[in-house]
Structure formats: structure tokens, C-alpha cells
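What follows is a pair of complexes built around subunit A, which joins subunit B in one and subunit C in the other.
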Partner chain A sequence: MKTKIREILTKTAKLPVDVATLRDDDDLFNAGLTSFGTVELMMALEEAFDLEFPDKMMNRRNFASISGIEQALQSILSEHA
Partner chain B sequence: MCQNCPQPQGFLAELIDTGLLIDTGVDGLYGRSGLFEEVIARFDDLITRYGGQDGAEIVRFPPAMSRKHFEKSGYLKSFPQLAGTVHSFAGDERAHAQLLHNVADGVDWTDGQVSTEVVLTPAACYPLYPVVAKRGPLKADGALFDLQSYCFRHEPSKDPARMQLFRMREYVRFGTPDQVTEFRATWLERGQAMMKSLGVPLDVDVANDPFFGRAGRMLANNQRDQRLKFELLIPIESKEKPTACLSFNYHQDHFGTTWGIQTAAGETAHTACVGFGMERVALALFRHHGYDVEAWPKAVRDVLWG
Partner chain C sequence: MAAPALRSQPAPESGAGAPAPVLVDFAGAAAAEKAMIAAARKVAKIAAEHAADVDANSRFPHEAFEALKRERLLGIMIPAAQGGAQASLPTIAEICSVLSQACSSTGMVYAMHQIKASSLVVHCGDDPWHAGFMERIAREQLLLASATTEGGGVGGDLRSSVCGVVRDGEDFTLEKEGCLISYGAQADAILITARRTPEAPPSDQVMAVMTRDQYRLERSHVWDTMGMRGTCSDNFTFAGRAPLPQVIPTPFAEIAAQSMLAHAHLLWAAIWYGIAAEAVARCESFVRTEARKKPGSTPPSALRLAELLAKLQQFKALIVAGLDRYERARGDADELSSMGFVVAMNSIKIAASQSVGEIVTQAFLICGIQGYRNDSPLSLARLMRDALSAPIMINNDRILGNTSNLLAVYKHDSSLSR
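Up next, the complex of A and B:
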């Protein structure tokens, strides 16, 4: 899942750094992820994983790192399993 | 339903009946009476009494801005539903004849309209950022501006406090994060003191902008989580949903990054603003003190008229 998240990050978030250099726990906002980048990232994740972020999970905390995104996706997928 | 029975008289109907607002047939688009304008002018002076000593540079723009600057500002990302763009006829004689036929037939005549270089100003500060950027890096103490403009937002409503064309006064601060957050903290205090002196009930709360669509929920949630926007609320049309009359906004480096504005030290500038909804404050005063300004509480009259 992390590999796919990294692919989507590279395509959509337009970070000023190479995603390959980021560790799973690195802070994506410190790496240059913007508010609008977060929105585009969310929409791309929804399409790729065929899910929908509920309102309560639409916040910066769930997009703060690659690991954080994975946890959020797993949480959404398990709720709808 | 009884067609001839008198309809309930809401606040908007009262404002029109008393002549303070003049109906144009379009929700949210009203003429203003001399008395209404007098109250706006008195409130405008009151703002200057609180903020004038800070030495802000006064700038007044017309209620429209460059379309190129508007596009670059990012407004369309957040609020496409509110934007108002100016279009104009650019066809030949044949197209003109067709336009007139369409108008006469009551069918859509806007096919031949093309966008001009002009967009209606959505917030008083939007034309300012490219001007500041063009001046080069800020001085060490940053910059402070005093603005006022009519602004347009496409949100027709029967609530008189939600106009489509309204005036916004603003102080906008540019500088380091410390400089601009201190400015906002100062105005959070000042704004409350100023509005308390007008004898209206008020509350201050964390708020968010009306970002478009489901993805906009995320922007709104983040804005609230980071406490980037506060509003000073006064009940006008409803006690349950009081109206934002002043807002205190910390944009972080959003406009600094968008426009390439730098501090004296070469960092990306941060910005913050305090906005005053001129018509909303006037409406709050009429709502709470009545339509006869001569009968307003003496303390309030003293503050406004001195």
C-alpha cells in the first residue's frame, strides 16, 4: 500500500522534494505539501483505492506522513469491510 | 394558501419599508438611503479612530480587479461559486441583431459574450497583493495597508446581511509570522472593545471560509484546526445563526507564496487581515437600536457621532 501511496504522492502532490528521499514517518507538510496539494492527494487516493474519506477524517493529521495516510486508508477500508 | 393575506414582515421587508434599503428586484442587490450611508460613514470613522494610529498606507481600489491577477490568486480553487466575472459583447452586426432578437424573445442572449480583463473584487485585499509584490522585499518592520472596497459574491439571499455587493474595510499586515500574528491578536482585542462600545450583543468564535465542494470540507476543517480564522458574530437575521461582522484572518504564507512576497530577511512573507463588514455592522445597529437613530442609546450615539 505504501508503494502505491508514494506513486500517488509523486504524481499529485507536487512536492518540491523527491518523494523517494522521504521516510515513511517524515512530515509531509514540512516537505512542502500544501493545503490544495492535500485536497488533490485525497481525491487521487479515493480514486485509486475506490473509497471515500468521511468528513471526520478530512483533516491534516491524516495526511501528515506516508504512514499516517496508510493508517487512514486502512481505517476507512476496515470500516466498510 | 391565501394569496391576499399579508405576508410575514421580515427584517429585509422592514428595511425596505423604512427606506433604509431600496429594492432593485434582485436578492442581495440594494440601494442605500442617506441615513444608511451616514451610519456606514460614522462606523468607518470609528474604525479609523481605533486603527489610524498604526500608520497604515491608505489605498482604495475600484470594485474590480485584473482577471490575470484574479486567476493567479487561487480564488477559483476555493470559491468558484462566488466569483463574478465581467463579460462583454464582441460580435459583429449580425451577432448584434441576433442578440437583440434573443433579448426581445426572452431567451438566452449571452452566447456572444466574451470575458473581459476585469473581474469583480471578491475581497478588498485581493488587488493589493500583486501591487505589494511588485514593490520588492518588505522593509524590516513589514507593511500595513488600509483598504476599503465594494466586493461581489454570488450568493443571492433574502437575508439582508448576505448581500451580493457590499463594502469591506480591511487592515492588511505583511511581515514575519510574529509580526502578523501579533497584529491579528491586537485586532481581536480591539475589535471586541470597539463593537462593545456600540452596545450590540457579540461573540467571537473560530470559523472557516465557505470552500467549494466536498474537498472544500478538508480546507475548512484544516482552517478550523489551525485556528486561522476568527469571526466576531452579532445576531442580525437569526439568534441561532449570528452573522459574522468582523473577521480576523491569518493566511500564513498563502499569499506570500502565491505572489512571491519576501520579508527583508528574504523569507516568504506571512500575511494577516482584519475585515469589517460595513453593511453588516450598520444592519446590526439598526436591528438592535431601532430605525430611529435619534432614539439610539446616548452612549452609542456619542461613540458614533461624538
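Up next, the complex of A and C:
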């Protein structure tokens, strides 16, 4: 799942740094993720994993790192499992 | 203003058992906050006396700020642990509105100062340098200003910086060009944003506190505007040097999202509400006078006033609900950074800044020529000019743009109870 998240990040988030250089726990906002980039990222994640982020999950923490995104996705997927 | 002292509950009538200590003294805190609002009303009288001169000469409302310092109202947001009065945001919003009814420039400077204080109060309680600085704010009644804008294409986008913090041994240096700093020349300290390092991306920002003895300001443009003339929001080139611990450890992104957004939009809304409330008060005065001229008949302007009162009530409800939402969200980082909360605060700014203009505009229909004159006690001229700043103070189009960027994924919460 992390590989797919990294692919989506590279394609959509328009970070000023190479995604390959980021560790799973690195802060994506410090790496230059903007709020607009976050929305692009959310859209691409919703599309790729065929899910919708509920209102209460659309906060900073859930998109602050690659592992954070993975946890958020897993929690939605397990609720719908 | 001292923090409310803890008191013991009186012993029950029966006399059985020792009095139980009360952990939070709500009655004492409420009385202290009422006293702060009463003190603000005293300051407002002074502000009102000088409001016309502040406006005419586009000068700082120093009489009002001397009075605010004397009444010890500048440090009231500071926690009791740092010697402040730990006033609630609704009380501070009320003070903003009270001041703004008398002189909106005074109110706006006070609001901007409290917005800066909120960054320290919310994010710096555990940091030794900033905790010590908060003690100074409360003790010395320091006035805080903000340098978040910048030249070089950044403009009013506070989440982007060109300049960066340059480390130099135990110190850092910072140079920022073309930044608009409201009451920069009068402030005791400036909270300034910059990239974490000169090489960091524009949005990887920190905020640092620099005191007046640590920077030089070179004025590049003087504030000469239609309204809000007393905020003295001149443009400056800032150059300063201070010890590294004065950089706030929390990233600015977090400060902006978790405390500044809500404090700024709610306190600005309180200022604009104050302007609207004053316009409505002048209309009421006009209608009462008209009614006394022809006893037995209702003046035609009363109908417009009835309509205006509904708009003012709607405006008030907007702010009260926003303050309530923030009170419930504070301390919950996930809620504060949620899209729903951001949209709610952005929407408060949009609605409040539009309401003030609409209400003052409609007030002209009621007060007529008495409102249009510059020399009448019911003049609405300054209120109108001040109100016109609201939609462009962080331009509404920028805020609507920020909200619209979220709509590809955002879903609103339709409940009435949240």
C-alpha cells in the first residue's frame, strides 16, 4: 500500500522534493505539501482505493505522512470490510 | 488584572463535614471576566473621544492604548501560570466589539494584538523562553504586532515566505522586505514569519518573537487609506537579530491552522460586529428622535430599522456560534485541522465581512442626511469607510478561493447540533 501511496504522491502532490528521499514518517507538510496539493492527493487516493474520506477524517494528521495516509486508508477500508 | 483566586465552597448549613475545595472557581472567573469587560467600557469612552482625530490624522490611537495598558487589558489572554488573567475568547471578542463600537481602529489593533498573543498562549506554554516572554506581556503590558506579509510576490499569502531564518552561532538574523506591519512603529515586539532556513520551501515556515530592541524598521510606505486609518499599517523593511530560542518550536503551518485561523476570523468578526452595532445604535437614536417629533405615529424609518435588527441578530448569532465551535474544538488538533473547521472559519470571515457592509449601507436609508453628513452626531461616514476594509482584509476572494480548492473532496456536515 505504501508503494502505491508513494506513486500517487509523486504524481499528484507536486512536492518540491523527490518522494523517494522521504521516509514513511517524514512530515509531508514540511516537505512542501500545500493544502491544494492535499486535496489533489485526497482525490487521487479516493479514486485509486475506491473509497471516500468521511468529513471527520479530513484533517491534517491523516495526511501528514506516508504512514499516516496508510493508517487512514486502512481504517476506512476496515470499516467497510 | 489578577487571576481569580481559588475559593472554598461554604460549609453546608447542617455544618456536617469540612468544606470541599472547588477546583475551578467558575463564579470567580465569571466575575473577573465581567470586570474586564467593564474596564474595556471605560477605555471605549476614551477611544470614542479621540476616534475622529485618529481617523482625520491617520494616527495611532495612543490615548486608548495607554488606557488599555493602565486597565491591564493587553495581557488578559496570557494563562494564569504566566501571570495573566487567562480570559476566555468570548470575553476577548466582547472587548473587541466594545472597543470597536467606539473606535474601530482601536478595536482592530487590540484584536491583532490578541491574535498574536494566541500563537504564544496556544503553542508555547511549555517553551521556557516564550513562557518567560508571556510573563513579560502580562507584567509589562507589551503590545504585539505581526509581520506575516512580504514583498517579492508573496503579498498577503501568509503561508508563504521568501526570506529565511539565518543561523549565526547562538543567534539568528532575519531580513524581510516590503512587509506591511500594522502599528509596527508602536509595537513592543513583532511576531515575524520566515522560511525555516533560507533553502527551505516557501511554505516550511517558522515564527519568531523579536522585541523592539532587536530589530530595525525602515518605513517604505505610509498607511493612507479610506478607513481603519488608525491601524498605521505602514510598509517596512525589517532587519533583526535575536537568540535562537526566540524562534517558536512549533512549525508556523501548525500555528496558522490550529490557532491563528480561528482567532483571526472570530476576533475580526467581533470588530466588524462592533461597527455594525454602532451603526444600528445610531439608527435607533434617529428613530427614537423621529418618534418623539410626532407622537402617535410610527416613523417610516422604523420599518427599516426593524429589518436591520434582524440582520444584526443574524450577525451576532454567526459569531456566538463560531466562538462556541472553537471553544469545543480547542485542544483537539484533529478537529482544528479538519476541513470542516477550516470551511466554517473561512465562512465566518466571508459572512461577517459582508454583513458589516450591508448593515452600515442600510443604516444610511434610516439616518438619511444625518448619517451622510460628516458633522452630525449620527454620521455614518467613518463607520462606512471602516466597514469597507472588511472584505479586503485578507481578500474575500482569496478566502473563497481557499475554500473552493477543498470542494473536490469536501462534504459539509448538515447537522444542526454540532
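As a working rule, the second predicted complex is superposed on the first by the 81 of 81 C-alpha atoms of A that agree within 3 Å, B and C clash if a C-alpha of one lies under 4 Å from a C-alpha of the other, contacts with A are read in each partner's own complex, and residues count from 1 in each chain.
Keep in mind that, in the parts below, contacts are C-beta pairs under 8 Å (C-beta built on N, C-alpha and C of every residue); 3 or more make two chains touch, one makes a residue touch a chain.
Please read all numbers here as calculations on a predicted model, not as lab measurements.
In the superposition on chain A, A:58 makes contact with both subunit B and subunit C. When the shared chain is aligned, subunit B and subunit C each come close enough to touch A:35. Of the two partner chains placed by superposition, subunit B and subunit C are both touched by A:43. Considering which of subunit B and subunit C touches more of subunit A, the answer is C. Taken together, the two complexes place residues 35-36, 39, 42-43, 53, 55, 58-61 of subunit A in contact with subunit B and also with subunit C. Those residues of subunit B lying in contact with subunit A across their complex are 74, 77, 215-219, 221-222, 225-226, 254.
Taken in their complex, subunit A has these residues touching subunit C: 16-17, 27, 29-32, 34-36, 39-40, 42-43, 46, 52-56, 58-62.
On the subunit A side of its complex with subunit B, the touching residues are 35-36, 38-39, 42-43, 53, 55, 58-61. Those residues of subunit C that touch subunit A in the complex are listed here as 159, 196, 201, 203-204, 251, 253-254, 257, 333-335, 337-340, 402, 405-406, 408-413.
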